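Before anything else, here is the set of structures, which you'll find just below.
Here chain A shows up in two complexes: once beside chain B, once beside chain C.
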Partner chain A sequence: MSSNNAVSLYLDPQIRDWVLFPITLVMILVGILRHYVMVLLQTPPKSLPRAALREQRALTRSQVLRATSANSPIPPTYYKSISRHLSEAFDAGTYLKDGPPKEGDTPKMPPNPMTDPAAMDGMMSGMKTQMVMMVPQMVIMGWINFFFQGFVLIKLPFPLTLGFKSMLQRGIETTDMDVRWVSSLSWYFLNFFGLNGLYRLILGGDNSADSSRDMTASPFGAQAQAPGQAQDYSKLFKAEKDNLEFSEGIYSWVGEGVEDRILRRYGKI
Partner chain B sequence: MSTAAETAAQLIYPPNIKYNSALTSVKFLASCFAGAVAGILGLTNWTGFALFLVSTLFTSLCINVINCHGHPAKYIPGGWTGLLNPGTDNASTFVLVWTLFYGIVHVY
Partner chain C sequence: MSLSHSALEKLATFRANNTRASQETFKNASTVLKSFKRLGDDGWAVLEQLFLASVDVGRLDVADECLRQLGKQFPDSPRVDVLTGIRMEATESPDVVLEYYAQLLDADSANAAIWKRKISVLRRTGKIEKAVEELSQLLDTFYTDVEGWLELADIYTSCNQYIPALQALSHVLLLAAQNPFYQLQFAETAYTAGDIPLALKAFLVAVEMSERDLSDKSPPVGISVRAWLGVKLCSRRLLLNSSPSASNTVVPKNLHLIEELATERVLGVYSSKSSSTRAPEGRDVVVGWVGDR
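What follows is the complex of A and B.
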């Protein structure tokens, strides 16, 4: 353990002016740029024809109805009538995009993601997102490694183990220096993790400059786009009909027995 | 059968939840200032992290008294745990600002 607690390096203030602040500034600006590029690149969702839209909305309506069925704000007459109407419609296939299935029709294959143009758009936009996220980070790392290499930038106020020395002191060929003296690349990493809060403040909660979202979103983004398009609505409707019956079983109205509850609260019973 | 959690979730009013983002801003700014204080005072090692902890507790206390009037469960999803949570990424923000100010004041 080096006894260099009293001895400290004296660094040129110009390093502070020309390296510390510029790196932070560049990272903030690149983050904001990335967010706005993403906003511009978002293709507006393609508007579906009325029949296809009706299909999706019918499913959503029944899901909304089921979501609160155990504590439902809807009185029994209305709940039961909506539920029965939807059940019959799903059964007869009146909401299907291509009309109710005629007798003797072979069941249709769900559209293949590769050939269905709507699904391709979804996948492309997912991949575009990932590219836009990764490229600026690589570019900035390269820029920092090229220009700001070979000198000590800052002293970390907390200790780290020796294992970090190779990563954080890249380019400085000493074996003895305290791990707390680090090069510019480690300042890049500190900024990378620490600026997310700032982006959330400036750009609002749902910004695309957030590096913590890159970690969680990128592996799954590409897969999640494709399955959404290739669904067979007739099967979905059958499943939804069963769900509706189940929910009707557990349905109960919040206003059930409300007269007794009020009277009890005011002590009349 | 719906669980108590689902019933509780049904009673939450979404626009008010969105307004709670004001609290995340407060926590972020608190961690920034805590970082600045730690850096300027030259705190190192565990004393710096202790300051972060103290600042988190103090922020939660202020929010509790001024905004929640003593009942965090009524205003913040997650009750006490949601209140004491220093916010996502705020620890790294603290470290960043702490390092920055420590470097500016004590190293340069």
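What follows is the complex of A and C.
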């Protein structure tokens, strides 16, 4: 019965030529355009001044030292001198960007991201990406909704269960049409999520044409992950100082008892 | 395509391993100059490689051509700035080059590549103090630069400052704890500094690291031969007279056993098991030295 129904529905070839192909083509072209707009909009990563970089990387020093402390490759005197030096430096704030804090300085508040120009930059670039993604998609969706609402564009060559009805026949409120027919709005969504592979073929691996990818990323989420923004390094350094003390407790030199290990290996003791 | 596939592959291997074989690179890559555009993005890397090689072998005309092409493609690239600096170092006076580097560092104070070039020029022109000062600052900022620490240790060693060299090497050991070569270098520097007990321990650690995968009875190979010779040297000196240790390292109790084992291992390398093959070179010298008390 249902196969009879399906056969009885014929699509005008004009729909194929003037609706199906244009929607697909427009979406591909918009994706490519978006990629190039993104390339133009991208600001080169800002290089940090030397002092800021030093502050940012100071923690790796003690992390490197602590990583091997249970079986350290360096002898005790050297380990202790490095460890003491670091914890003194962390305590005095030598590695802070603005130098060690002076007597009577009020503890600094973390800067407001709205007033800090560096933080503002990061937020703006997130917003720009978002805009370039959102605007064309909204325009296309409006265009399809306005001109082609309720169009049936294509019949899938394979049968599907009823569960796909809401996915494939968005915008057509019927209950008894075969699930294999795809509506115009659904065709838009299929393209929206499915064109990524094609873009990768045309534009190469790390393109920014695929808009479904950053649907999940909000500009404010990206801002929170940006490194080093509004980080209070003096607090981090204080915490790292305690970690250094712990590691000094578990420190042992790999050369400790190495002679016994080697003699045992060759069966001498 | 004028370049054979194998030549390109060889160049790629050189790039990946940081090999300096300049003459060979130059020979393989000089045909690229006309056809590098056909290589796509890889072509630019080859061009940079060719530039460095041709500066190395003294073909400055080729180097200039490479630099011109690269500069045209990447106008504001810091990487091309470095290459321009290298090209200037080849012909200009050090003062002019230092001026150029200072200018670039003013614009971007955290440009490590330029900073390193500057240090190398300083060292080359004999301003060792300034070079050490700059290098220490660089390492204070970019702590994880193993090559920088090795360079610092090398500068100190060349000035007979073995204790600071040991300190620099200890940072290298922290950063690359898995490399027995650095441990060996640490041991040898400690020996030269006169800290024999520390050197003995470090040689033993190097032995332990490099012989981990060796089956028990086979003679030592590669760097473990050198490490065993070091063990032998240190333990013999410690047996003759106890030497003080600047790092308060304790001399192992069973020094005799270690000395015996080291003798055995070193002789194991030089005693040819199969009599048909020739004895290893320098065998008589080593056997004489080991047997000599």
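What we mean here is this: the second predicted complex is superposed on the first by the 156 of 269 C-alpha atoms of A that agree within 3 Å, B and C clash if a C-alpha of one lies under 4 Å from a C-alpha of the other, contacts with A are read in each partner's own complex, and residues count from 1 in each chain.
Definition applied: contacts are C-beta pairs under 8 Å (C-beta built on N, C-alpha and C of every residue); 3 or more make two chains touch, one makes a residue touch a chain.
Just so we're clear, the structure is a prediction, and the values are computed from it rather than from any experiment.
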Subject >> chain B versus chain C as contact partner of A:T60, first or second or both or neither >> reply: second
**OP:** State whether A:S47 touches chain B only (first), chain C only (second), both chains, or neither.
**Re:** second
**OP:** Determine, under the contact definition given at the top, whether A:R261 touches first (chain B), second (chain C), both, or neither.
**Re:** second
**OP:** Determine, under the contact definition given at the top, whether A:T68 touches first (chain B), second (chain C), both, or neither.
**Re:** both
**OP:** May I ask you to decide whether A:P157 touches chain B, chain C, both, or neither, giving the answer as first, second, both or neither?
**Re:** first
Subject >> Partner chain(s) touched by A:T77 [first = chain B, second = chain C, both, neither] >> reply: second
**OP:** Jot down the residues of chain A that show up as touching in both complexes, chain B in one and chain C in the other.
**Re:** 68
**OP:** Spell out the part of chain C that touches chain A in their complex, as residue ranges.
**Re:** 108-111, 140-144, 166-167, 170-171, 173-175, 177, 183, 198, 201-202, 204-205, 207-208, 216, 247-249, 252, 254, 257-258, 260-261, 265
Original post:
Mind pulling up the chain A residues that touch chain B in the complex?
Top reply: 8-9, 11, 13, 15-16, 20, 24, 68, 70-71, 153-159, 190-191, 193-198, 200-201, 205, 212, 250
Subject >> In the complex with chain C, residue positions of chain A that touch it >> reply: 47-50, 53-54, 57-58, 60-61, 64-65, 68, 72-78, 81-82, 254-255, 258-263, 265-266, 268-269
Subject >> Sites on chain B touched by chain A in the complex >> reply: 1-2, 6-7, 10, 21, 24-25, 28-29, 31-32, 38-39, 42-45, 48-49, 87-90, 92-93, 95-100, 102-104, 106-108
